[in-house]
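The data blocks that follow each hold one structure.
The same chain A turns up in both complexes below, where it pairs with chain B and then with chain C.
So, the complex of A and B:
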């Protein structure tokens, strides 16, 4: 920029432009999180009633009751399985899109973005028509005479994971695609000319260079899966609820605000820690490369 | 290409096709079942019928939920586009202390689980002594969509050369004129994309909306969630199909319009 001397008005200008957004985020995000932190020290009396007597009772209950630990562990496990399966399914697809000589590559990418527009609730319940008793799989197997009783696939942990993969796969593929697309093709050619097989070239050059995208995809999948509660509610059984369902029930059904906020803060802290560890090694900006395209 | 390489490539291609089938099969099934004349919402197909679509328009609860979602979505989209564009301008065109923090704060709502955003905002609303209301629902949807609009406009703005704006200033245009005549037309595609995305995010949100909606008020997705609790009726399939057609059609239309605008622009520029 042809540098002009900044007047006081010039210096304030970015803040004028940012003010509405910052105020919105402060009052809708930061302040509520602050109030939540305070609330975790309140005491639950009866549904919808609590007293502000500042004691660590909720935290004590959370850390000593194995019920809560079980939920936390199960949620982390389901989210980790989901993220890994997403990576296994998404990587080859992203690789294919990045390397294809197909002329209409944009169409392949557009098809990945289309599911983002389709209602999440609809995409989730559509799995009932695949896995349910009257679903595609059971009806087909039955008419082929392979089974006499419908298989119980719906309302299981597998169904929950399936629904979450369906929701998260585009995030994974786009993230890996962005980092594969940024690799200099000459590097692979160089490896090949030095005697590497295709597989060796992939393992030694392409794969390591695509790790930031893969990492971003894994993080995003894990965080979104661990925070989900609509998918378990629609596709899971009573025993397949995750941490999000626990929070919802504690607040909306039991009206136990102090415990509900404690659980929310725990979830926030858990996913925050995962994100911070990730950003130390990868840099947080890589996540948003895939999102902002 | 060597034989070994080709075999691997065919495997990768096959896997990719399977992934696309995985993505679209369930959606296709909803579209197919929506015209199934059977009284039950599943297979087998009994015949072709559009009766469930007709039933849908008579369903007052659904129509009401649609109106609610539409208005909240439109308001969210407009507010987010204005605020998001302003913020993106500040972040791309100016250097100021604390920019890193502002950037981190802006992406915050994407990283915080929706359940936590839902609880937090509802609690804050309760803290000031209010019951859940339309304002809360709208504010919440703005919180959810705003980061995406900022990111999209930011990405486009980085690609717009500053010299155009400087040329306008040097010719005597003030900041607002420069923005209106130069910058805005150049970032219009991103602003439209942000507008549509914000609308879609708002129209689609369920995880947080269940916390924020006023008593007795349903948005489209919460209405569907409620309907699912009873049973999978064929009406839900029709509703799903209709929403797929709308939410896929709208952005495609928007994309086509944006492309047309760009083409016209480049045509007049040359």
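So, the complex of A and C:
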């Protein structure tokens, strides 16, 4: 039988170190989620007033009303499109940054982070001045005589997706970049010396080895897009609300906290399921590998 | 109940002026008060349990700027009590915050009249004002106080201003004659599809859909027709705005050229030179706003502030700044020409020319209709 060489104090040390984080997670995450879960069984009486009579009415309404399922599907669809477009746009950019021989690579990485210095809400509002009827694009096209009537770009699903890409692209690029930067260049050289073309070397070596970063970027983009509220609110039209807007309106406008918390728990579960599926096929540990090389 | 030093001194002066005390006693008490205030510091107020600040939450934008400039800043200069301000663009948002806060965290709300007053009552958040501490309430129109008193005989608020939600239109594209001819139906004219805006609030949408279907907004019999009209309007609408600032921005940038709109915000746009016309169609939605004091607030200081806000000079300055007529009775108080020209201004002081929401009718349907409207607004 193996005998532990650690003293009792040493065995407890990791718990002491983890304690602040664990306490924060318990009181700031698990307890609030637990309270929300309890709230889902309350009954809405009138705006802002509910009774704690513990019945499953809100869950019954969610599962029997197709309105909510429609929103869930739309949110998943828009989030998936956003994540895929982020991957398509982000991978080449990350590849260029990782492979460039430019001496000041840090400058390129700094440019990625610069948008975070400006408030997310302000950045989202700025699209109104670009996509609006009096925005830069329409004014330019009209002055060039290419259009007679302004194009309807703002308050559409496309505007919402673009706004979210604008917000999420740096996350995707950074994830992929970290993954690409960690690949041993000798492997690519070896593939080339064994007769691979550049494209084959990329396809057989670089791409598979960068998948953890790509997967991490996709998961992060999907989760953040699915929970988005501000972007559809500012850039979306009447039919472009996502599940986050539905939760906000149920709680803030209808003042129906029991149903609002039910919808919040549903979104949490949806994103949890996505993470579980990701973990099943990719392994969540690849995210940490992607982030830490 | 505590009252502030300013109020105590004013009462002292009133007693002296009314012959309630002799000159020697008055001067002696005033000197004693001055001496004690001379050594009073900020910690002194705290030590005595008096509030050093009052929390106010309002609608932001030009409305709150006017209140801050003409009421809060002079009040702070006079009393030393700071007014800490918050803003909201939908009163339900602040109600949600109050629900999750402790009593006293939120104190005075610039609230949307009787429809919302009921929500505060239902949640048990209303206070009981000592009207003797707000003598300027005597100048407020009885027609504005009555609906609140009907709900709570002991008031929790003081009516402060009123306005209408009429039709705003860009005069470059829509003439005054067309606006007057079409009235509420201008908002469902297919000719302006994609250029129409609307306030994304249930009451406004149901109100206008009622008008557009020829029904009484305070007693619509055919709700199916109302919802059908709301859907029809939705499909023509480019954007539901959610705040006065957004409304002004959409109109100024010509993203929309016609919308229902708050009278004061349009008056502000007109003063800025924007080519925006405003028309109140028959049965246009009139509303009043009040300064609501929540339970748990420092009542003496809040009452003193509300009284200060209702002072004739203050209320007139605020009204001219925010472009909404004050709650002051024009029969009791001489109002200015500028106020007389504001949209929705009622010179009779009886409010009979304006159509307000019937609180009983709207309260009975509010929850169901809010849910239904939320769905329609999202395309259902």
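Note that the second predicted complex is superposed on the first by the 253 of 293 C-alpha atoms of A that agree within 3 Å, B and C clash if a C-alpha of one lies under 4 Å from a C-alpha of the other, contacts with A are read in each partner's own complex, and residues count from 1 in each chain.
Rule of thumb we're sticking to: a residue touches a chain if its C-beta (ideal position, glycine included) is under 8 Å from a C-beta of that chain, and two chains touch if they have at least 3 such contacts.
Remember, predicted model here, so these are calculated numbers, not experimental data.
In the three-chain model built by superposing on chain A, chain B clashes with chain C. Looking at the shared chain after the overlay, A:239 reaches chain C, while chain B stays out of its contact range. In the overlay built on the shared chain, the residue A:20 is in contact with chain B alone; chain C does not reach it. In the superposition on chain A, contact is made by A:46 with chain C only, not with chain B. Look at A:262: by the touch rule set out above, it reaches neither chain B nor chain C.
In the superposed model, more residues of chain A are touched by B than by the other of chain B and chain C. Using the contact criterion defined above for the overlaid structures, shared-chain residue A:175 touches neither chain B nor chain C, since it reaches no partner. In the superposition on chain A, contact is made by A:134 with both chain B and chain C. In the superposition on chain A, contact of A:254 is made with chain C only, not with chain B.
Clashing C-alpha atoms with chain B appear in just one stretch of chain C from the list 4-12, 94-102, 148-156 or 292-300: 94-102. The intersection of chain A residues touching chain B with those touching chain C, taken from the two complexes, comprises 128, 132-134, 251-252, 257.
Per the touch definition, chain B reaches chain A in the complex via residues 2, 4-5, 8, 11-13, 15-16, 19-20, 22-27, 29-30, 33, 40-44, 83-84, 86-87, 89-91, 93-94, 96, 102, 104-117, 119-124, 126-127, 139-140, 142-143, 146, 148, 150-152, 154-155, 162, 166, 175, 200, 203-204, 206-207, 210-211, 220-221, 224-225, 228, 232, 236-237, 240, 243-244, 247-248, 250-251. Across the complex, chain A meets chain B through its residues 1-2, 11, 13-15, 17-18, 20-22, 24-25, 27-33, 35-36, 39, 89-90, 92-93, 95-97, 111-112, 114-123, 125-130, 132-136, 139, 166, 169-170, 173, 197-199, 223-224, 226-230, 233-234, 244, 247-248, 251-252, 257, 260-261, 264-265, 267-268, 271-272, 275, 284, 288, 291-293.
Touching chain C in their complex are the following residues of chain A: 44, 46-49, 67, 71, 128, 132-134, 152, 154-155, 237-239, 241, 245-246, 249-257.
On the side of chain C, the complex with chain A involves touching residues 90, 92-93, 95-96, 99, 119, 122-123, 194, 202, 234, 237-240, 253-255, 366-367, 370-371, 374-375, 377-380.
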